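Scroll down for the structure; my scribbles are underneath it.
Labels run A, B and C following the written order; every chain starts at residue 1.
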Amino acid sequence: MRIKFPVVAFFLEITIIILFGIFVKYDISDRGRNFPKESWLHPRYCFSFFSVFQDVHVMIFVGFGFLMTFLKKYGFSSVGINLLIAALGLQWGILLQGFWHMKYNEIHIGIESMITADFSVATVLISFGAVLGKTSPVQVLIMTILEITVFACNEHLVVNVLEVNGLPASMLIIIIIIIIIIIIIIIIIKRDCWWYFPCYNNLKKNIFTGTLFLWLFWPSFNSAIAAAGEAQERAIMNTYFSLAACTMTVFASSILIEQKGKLDMVHIQNATLAGGVAVGSCADLNILPFGAMLIGSIAGIISVLGFKYLTPLFASKLNIQDTCGIHNLHGIPGILGGIASIIAAALQVNNNLSPGMQAAALACSITIALIGGAITGLILRLPFLGQPSDQNCYDDTVYWEVRLNYTGDSTELQNLQKAYSRGNIPSNR
Amino acid sequence: MRIKFPVVAFFLEITIIILFGIFVKYDISDRGRNFPKESWLHPRYCFSFFSVFQDVHVMIFVGFGFLMTFLKKYGFSSVGINLLIAALGLQWGILLQGFWHMKYNEIHIGIESMITADFSVATVLISFGAVLGKTSPVQVLIMTILEITVFACNEHLVVNVLEVNGLPASMLIIIIIIIIIIIIIIIIIKRDCWWYFPCYNNLKKNIFTGTLFLWLFWPSFNSAIAAAGEAQERAIMNTYFSLAACTMTVFASSILIEQKGKLDMVHIQNATLAGGVAVGSCADLNILPFGAMLIGSIAGIISVLGFKYLTPLFASKLNIQDTCGIHNLHGIPGILGGIASIIAAALQVNNNLSPGMQAAALACSITIALIGGAITGLILRLPFLGQPSDQNCYDDTVYWEVRLNYTGDSTELQNLQKAYSRGNIPSNR
Amino acid sequence: MRIKFPVVAFFLEITIIILFGIFVKYDISDRGRNFPKESWLHPRYCFSFFSVFQDVHVMIFVGFGFLMTFLKKYGFSSVGINLLIAALGLQWGILLQGFWHMKYNEIHIGIESMITADFSVATVLISFGAVLGKTSPVQVLIMTILEITVFACNEHLVVNVLEVNGLPASMLIIIIIIIIIIIIIIIIIKRDCWWYFPCYNNLKKNIFTGTLFLWLFWPSFNSAIAAAGEAQERAIMNTYFSLAACTMTVFASSILIEQKGKLDMVHIQNATLAGGVAVGSCADLNILPFGAMLIGSIAGIISVLGFKYLTPLFASKLNIQDTCGIHNLHGIPGILGGIASIIAAALQVNNNLSPGMQAAALACSITIALIGGAITGLILRLPFLGQPSDQNCYDDTVYWEVRLNYTGDSTELQNLQKAYSRGNIPSNR
């Protein structure tokens, strides 16, 4: 581990810097395909778009990072490895997405590239939720590179080849979720560490931090790459109402299905976000606020039922041990959203979308996900990637140095004093 | 509880969805009464306004939520029920405010509706601070519906009937605070649980999270509905300077009044925000930065004195047990702000405001608050709403399921393993 | 302490209010030197700029505040005194910077003044990191006033007299860091409390909160005062890529230099930000993304090496006990950035910068820093400023009142009940 991780990390970073040096240039004038031309002249224009980027950026680093801190002994890895994945993924994502849109062998990047890079990072972080606590940092680096590659190829096929332009990012994310579940099945199928898992941070209020920042900025996420103007405002409002309605039904169903009539923090922490996932695929369509609320309400109920009944079933019968329950938060609500967007297209609320092409994009994405997921999973199982043993799962101290923790004992104090006088700061004990 | 809460929550959500389906439409072109016409054409225009909305949104969910987490055993309910109130309140607020501005029997909503909805939610969350730990989730749902109804009727009377347009939102909030104190008196007067209350999270730095996010985004709050342009910039700057001066006097007076000359975390956590409350009513007036700093300085001192001397007096003599001390943070500074705005109007710093109409609005608001507060309080006392008994106050475990918390014991491990092999994930013990 | 602090704090606040009353006016029309004229007409214009201000504001209060909460018993002072410094510093900073740009004996302020005030606060907060746990609140007030005065004079000399306009703020910050290290040497040289220091909040995930908010909003920080348009977008992108590359090399080198091959939370918490510091001086230059990534990569490695080898060496041999290790995070990466900007200027990537003037500005800043730092340090050593004794270092309870902490004992409950019936709320025990 001491040699492997630095070698892989430095190799990846040096490769990326070289590729950036060869290909990547600023593209100041291109503020994205959706911008009308006159707006390019606006002097502080970049900052309005930039503030949307910042919302998404907070979701990726604070939202996803803290959403995964519910494991009692794994908070450092949750937030820290989340940061590592995001830092690598955004660089790789900009390269991969750029390769499909090169002009004169140059990749031109602007603020919009940073938003789409964050989107590709989101898919990796969702799948990180499924393998949380069971993978080594080296595995995580490889997973990031492979998943973003599969994601970028799929996006190219769907957007450029099939020309399904109106399809929002969350549609593609659904598909990647399917990849991830397959990866889990393949990698984790023989792991025997499931009973270590439910070490919850009981009644620690801070586990809601991630949920809140995701909840608050999800409207920015769903609207960031929508067409400017009306479509964008619709995307904001639909996501906002879907999340509000979803929250109500999650609280109601969490109490209803629990024998003692109590709220379950796992439901509140996760399922309240299902409304944002489910409305994603049709966020910018003219589905009216009540349509968004209907989608959100149903997503909330389904997600709570998933956490209550599907997770134990998957874990015990199918050996799919999904740490964060991403199949309940992203998987099923995502598929619900896909169906909703096909219905919305069929009802002709929007003329630009054809149901046939949507279905084709879905089929294409599933195929790529199956193949890409299988390859990723098999590569991750390679023995030299340092997968932790069953006993080392869900434990920060395997990868993190515990710093000196002076407790006030006087002998300890004297030893410390001596150590300092010799020029050493003892770093752990 | 297991049946009551889901019934009430689902009933409210279904009603809201039906009302939204009948009345609510997007109003993309209407970006609020304050916008000059040419700006409607700006393609990404919504996002500038949207970033102000996001600031207010963060205040509501993160700021208010974490401000109330100082109770040792009540952090889950503080953040969780805060989310529930906000999710219900924003939907109901959009409906209620919309009913007074219908066009052709349609409610047209845009980003500005989302901001004003967040404002009406703020009033409910402030009053939630006063009854924190002493109310059931069902009572909270009813309180949200009733208070927002009273708030919206009062706003209609003040803004549309009395035509006091320049009056900022915080003026109305003051009045609602009075409602709330009345509600507290009525509901809580016989509660005998005050001594359970001071279970502080001593020296836990995270209790400042809520304070910081409120402090940082208060300029957005006070300026969000000000007239665009100069008035808005004045509102931002006045709030910023008032908060800075207030913070200085709070630190100074907190140390001065404490016999041992130490800082009291309750003062720092709460009273530093009094500057934002007090300057609210005249934030957009031409009071100059030093005027704002004067208001903030006085508000800080008054608020600290309130926490030190009024709270114990109210609790022991008048039986007003105000959990978060909202009368010190919102009540008195709010009244101070109302007086300051009348003085500012009298000094003719702004021609549009007449002192007479301001006083009329104040009288109208007080009357509505007294009636509305009494009705709300009486309804909340209805026995079937599940008010917690004195022993169950300030305790998360009454409403929240404690998840399995594996501690590492080997027998426990074997039992878990067996449970999983039977397909059960034990959810508590 | 009970008298001294309130006297100093009230005196400073009253002085500031009087000076504001005499000099400070709103300057609504002046939205900063960088704005083209036609944009002044834009009605909600201030808000785009305002959202950048909010990003910087979050960094100052949440980012810096929580970055310093790693000390187990000093979290309240870290976040609380951070708030005090910022509230005083922003008022003083606006005055001082205004004095150099007066028109007709008036200081005209707008949103941009608020951003530059936050910048001057940042320098004080960085130096607060070096003396964290070892200074009294009175010393902190004096330090804030003195450092901002030195900072403003230096800025005036560099920008107005030497006319080095293109030099970004971080260049000046580097110099101030040097001041601070000198201050530390002077004040703390005989402190014998170093071994109390390493009381880390081991594996508490929340210590990453500050890091994340700084990491996320650093692009806003580096671009806020860049020239509008292309330079600003370059500053955003360069900072973003520098931070991402830096994070990769920090993870890799942290594992590499640790004998057991584990991550050290101190490196991840601090050194991941070195990329933002180092790229600051040339953020708006045309250094291309790969140039920014190179700077970030090197800064990350150097910063990790500093925390590992320099901090123990400085502490034991030179008696420089730098609590937060700011010489590793801001000092060395800042100097690296200064060198990079001179190289960039020499390579003529930007015609406006002359290497000679940059060197002159550097020399001027160092001179002022040496003199200003020595004066500040000597004043801070004055005995009546209440510097804590060695035994009282790194301990919140010296300055903070510990509130009543009811633990559930029944005798305690009865005593509480009696106390309340007599009208007292016991505030500690």
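We take it that a residue touches a chain if its C-beta (ideal position, glycine included) is under 8 Å from a C-beta of that chain, and two chains touch if they have at least 3 such contacts.
These numbers come from a predicted model, not from an experiment.
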_When chain A is superposed on chain B by its C-alpha atoms, the rotation angle in degrees, nearest 5_ = 120
_Interface sides of chain B and chain C: same vs different residues, half threshold_ = different
*Would you kindly tell me how far, in whole Å, the mean C-alpha position of chain C lies from that of chain B?*
31
_Touching at least two other chains at once: which residues of chain C meet that condition?_
48, 51, 206
_Under the definition above, what is the set of chain B residues touching chain A in their complex?_
1-3, 5-6, 9-10, 12-13, 16-18, 20-21, 24-26, 28, 42-44, 46-48, 50-51, 54, 57-58, 61-62, 65-66, 69, 73, 75-76, 78-80, 83-84, 87-88, 90-91, 109-111, 114, 137, 206, 396-397, 399-406, 413, 416-417, 420-425, 427
*Complex contacts: residues of chain A adjacent to chain B*: 35-36, 39, 45, 48-49, 51-52, 55, 72, 194-196, 198-200, 202-206, 208-209, 212-213, 215-217, 220, 228-230, 232-234, 236-237, 240-241, 243-245, 247-249, 251-253, 255-256, 258-266, 268, 272, 286, 288-290, 293-294, 297, 311-313, 315-317
